[in-house]
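The following pair of complexes shares a single chain, chain A, combined with chain B in the former and chain C in the latter.
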Partner chain A sequence: MNALALYGRYVVASLRAQAQYPTATLMLILGQCAATSIEILGVYALFSRFGSVGGWKFGEAALFYALVNITFSLADLLTRGFEVFGTDFVRTGAFDRVLLRPRAAALQLAGYEVRLSRLGRMMQAVAVLVIATRLAPIHWDAATVAMALWAITGGVAMFCGILVLQATMAFWTVESLEVANVLTYGGVQAAQYPLNIYATWFRRLLTFGVPLACVAYYPVLVILNRPDPLGAPDWLLPFTPLAGFAFLTLSFLAWRAGMARYASTGS
Partner chain B sequence: MAPLRPYLAAFRARFQLLLEYRVAALAGFATQLWWGGIRIMVFAAFYGAHAAAAPISLADAITYVWLGQALLALQPWSADPEIGHAVRTGGVGYDSLRPLDAYGFWYARSLGWMLARALPRAVLMVLFAGFVLPLVGLGEWAWRPPSSLEAALLFIPAFVLMAALAAAVLMLANIVVAATLNERGVNSILTPVVIVFSGSMLPLNFYPKAWQSWLHLQPLAGIVDVPFRIYFADLHGGAALQGLALQAGWTLVLVAIGRLAMARMMRRLEMQGG
Partner chain C sequence: MSQILVEALAKTYRVAERAPGLSGALSGLVRRRWREVHALAGVSFSLEAGELLAFIGPNGAGKSTTVKILSGILRPTSGRVEVGGLVPYEDRIRHVARIGVVFGQRSQLWWDLPVLDGFDLLADIYRVEPARYRKRRDELVSMLRLEPLLAQPVRQLSLGQRMRAEFAAALLHDPQILFLDEPTIGLDAPSKLAVREFVRRLNREQGVTVLLTTHDMHDVEALAERVIVIGHGRVLTDSPFASLRSGVFAERRLHVDFAGPAPEITMPGVTVRSRDEGSLELAFNPADIPAPQLIAAITAQHAVDDIHVDEVAIEEVIARFYDLHDAREA
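For the complex of A and B:
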């Protein structure tokens, strides 16, 4: 069985497990939807009070908000195994069992659990996307839809990269460090607003350190057909989501270095 | 004092236990620093666009953010995990056998749990946002001291009532957990409600004007918005006293409701575990 088919089996097994408890799964999705949708209320309140910021109105800001939340919900759906890697695999010694199987460890972790509850965030983000489309001058045609999907793909790769790095740290620390949350949840928090409103050092960090701007800011400029207020050349913008894949590749290089020095906790 | 001793002991035991988790406190501090930084940059950007539209000054808004991040663990976002555990394992049976008021006992432990997580982070946050930031030349982003002596003196009862009210809200959540055996459902409702209506996400005055009248009367306002505005004297004189009265009044009401609900729940409780 090739890797993709095996991954498909993992996903189906995980979905069937959750389908055994349909009510609980539905409640978890709705709870997640409620918990994550309050952020748009804060964005709305600030725009309704101040009017606009950095040249953006609420409808345009809502597009930034919607795309980064859709992106993150997908990444969050797929990376549970990496998120709990330190606590549930390294500390308990369960990772030894993973290594004994003749398959890539990263593939097994990716297929560990697909959490449907994370669709709650996507539900509210899609609702915000509809609102954004009504409020802002967004023309959805083949080109802009393709751009949005391309940005989401690059963004999922980037957030998965952060989760892989978080898991990699567990080779040294044994525990899962929640510090990575500042990049995942904190990244979403930051990218809910157009990034040109932030201080320069912070924007540079989110462009060249963790390429959040490349997957959640520049592509949205293309969709809105706006030039970058900070002067990035127009021809470059559609290519920026590539940075998400580059980040994921570097993360997997770090992961391999971590694997090479893994010593079982022995329990 | 003697009748209070068991409750103080329950508080102290929980408090001291949680102070041992230093790494958790450091990680929490780092996360809250980052979060506070983003919030402040967002505020600064909006103030830069149209400062006249804001209900409070930028310096006060920044202080509000740092106070909120420092005292984040004092907000009743999620039910006390030990209560859920005690109910599922049957440990709650011991609590009902103690010759103590069960509500008071849980209340003291929950208060200890919240304060012990909040205080180390608050100290670190004061050191960083109050002292380090001005020293490195970022004074405009700093956490300011209380606006006046009066504000400082009024903040003391406001802080005490803030903790008391937060624990009363948390107790309601704990009781629902004990009745339903699961904290997931309660927490998924409690967290967003508290974040929005306490003023944790935004000071309540930032929400649209039509909502203002009832936003300032509901109980959760006493957990964040009222005490923080007393701190920088946005509420002063009579308004501050009204704020304290709101906190004290809601604390009494919620404790009374909690006691009734707890008595009812304890009567119907079926022991789990074995």
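For the complex of A and C:
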């Protein structure tokens, strides 16, 4: 059975396990939906007070918000094994069991648990997307839908890359890895707003360091058919989600170095 | 050629030392002091296909490190390992596809899934063809009497039931080599017996090579022809089980219940280990005085109700062996 088919089997197994506790799973989904909905209220409060921020109206900001939240909820759904890698695998020794199976460790971790509760964030993000479509001048046609899907794919790769890096750190330290949350949850918060409202150094960080702008801000410019207020060339914008894949590739190189270290230290 | 070959295996860990308390934690962040721990300091042995070897030693002696290296999880500091022609840590995925591992302390099944679902998933992980998988699974299910458990989620199984399921899970891909790491730990007596019986059948009938680590000497007594005792990262002895016992502890015990009060016994080569009102426990060495001669001498002088000869408990043999080699955990 090839890796993708096996991944499918892991997903089914994980869903069956969660189906053992149907009420709890449903409550978790609704809870996530409610908790993450608070954030769009914050964005709304800001725009209703000031009318527009950095030349953007609420409807457009809602599109940034919706896209990055859909992206993150998907990535969050897929990477539970990496998120809890340090605490549930390395510290407990369960990682040894992973290594005893004739499959790539990363594949087994990716298939570890698909958390349905993460659909809560996606539900509210899709609702915000509907609102954005009504308020902002967005024309959904084949090209803009394709751009949105392409941006989401690149964004999922980038967030997965952050989680892989977080897991990789566990090879070196068993200390708490809350620092990675700055990049994930903090990154989502940052990417919910258009890039041009931020200071220059922060814009550079989000473009070249952790390339959140490449998978959220620039693709949304394409969808809204707006030139970059900061002057990035129009032709370049549709290619920016590639940065997400580059980030994921680099993360996996670090992961491999971590695996080699684990084999020589065992903890 | 040997199926498992281990030569001059050494493994040194670097352990960060840290002063206790908050200040220790803080200075540890800045400047770490390292201490070297030699978990293995030159272990060599080889194992032929179909052998059953018990690997014993006190806690911290290097047993788990050896098993981890043999199963491809750890890379040794130096030395050579080959299992079935592969170097485990160089070729992890091909290697682990050919071995089975059971940890007594750790489950490899999915807690919330029915046993059968876990088996199905493992068959896909190990790329076992469906027809072969069904045949092998049915065989293991009947050997381990798993039929009534297949539909139950793993979390609902007792420890004994779970260990039977763990054995099946480790063998679905039909490995020719099986590593067992304390497989009977925490089990009740009937479950221990069932595990030993199963391992014996697997070894004798199917020719599976077994390497067992355990602290339960009854596992060793029941299963292993050959025992390696490891201490301080070295092989202390590699011998048939019987000669381990006789080499360390030739002594035997004689329990005597007297019709009247227990008398004083003074004979060369015989010591009184314990006495109570009407009985004695004597220690003797059969090389100095054979059991029949000792019994005859006692029954000739005293009225005796009951008498039986015992070997020294195996735990005592091993504890004595560790003491002789100064191998007890510090």
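Basically, the second predicted complex is superposed on the first by the 260 of 267 C-alpha atoms of A that agree within 3 Å, B and C clash if a C-alpha of one lies under 4 Å from a C-alpha of the other, contacts with A are read in each partner's own complex, and residues count from 1 in each chain.
Convention: a contact is a pair of C-beta atoms (placed from the backbone, for glycine too) under 8 Å apart; a residue touches a chain by one contact, two chains touch by 3 or more.
In this text the structure is predicted, and so the values were computed from the model without any measurement.
If you count the residues of chain A touched by chain B and by chain C, you find the higher number for B.
In the superposition on chain A, contact of A:16 is made with chain C only, not with chain B.
Of the two partner chains placed around the shared chain by superposition, chain B is the only one that A:41 touches, whereas chain C remains out of contact. Judged by the touch definition given at the top, the superposed model places A:202 against chain B, while chain C stays out of reach. Of the two partner chains placed around the shared chain by superposition, neither chain B nor chain C is touched by A:227.
Of the two partner chains placed by the overlay, only chain B lies in contact with A:181; chain C stays clear of it.
After overlaying the two complexes on the shared chain, residue contacts for A:137 are found with neither chain B nor chain C.
When both complexes are overlaid on chain A, the residue A:96 reaches chain C alone and has no touch with chain B.
Of the two partner chains, chain C is the only one that A:6 touches; chain B does not reach it. Every residue of chain A that touches chain B in the complex is listed here, in rising order: 27-28, 31-32, 34-35, 37-39, 41-42, 45-46, 48-54, 177-179, 181-182, 186, 189-190, 193, 197-199, 202. Residues 13-14, 65, 68, 71-75, 89, 92-94, 96-97, 101, 103, 106, 108, 110-113, 117, 121, 124-127, 153 of chain C touch chain A in their complex.
Every residue of chain A that touches chain C in the complex is listed here, in rising order: 1, 5-6, 9-10, 13, 16-18, 20, 93-94, 96-97, 99-104, 263-266.
Partner chain A is touched in their complex by these residues of chain B: 27, 30-31, 34-35, 37-38, 41-42, 45-50, 53-54, 184-185, 188-189, 191-192, 195-196, 201-202, 206-208.
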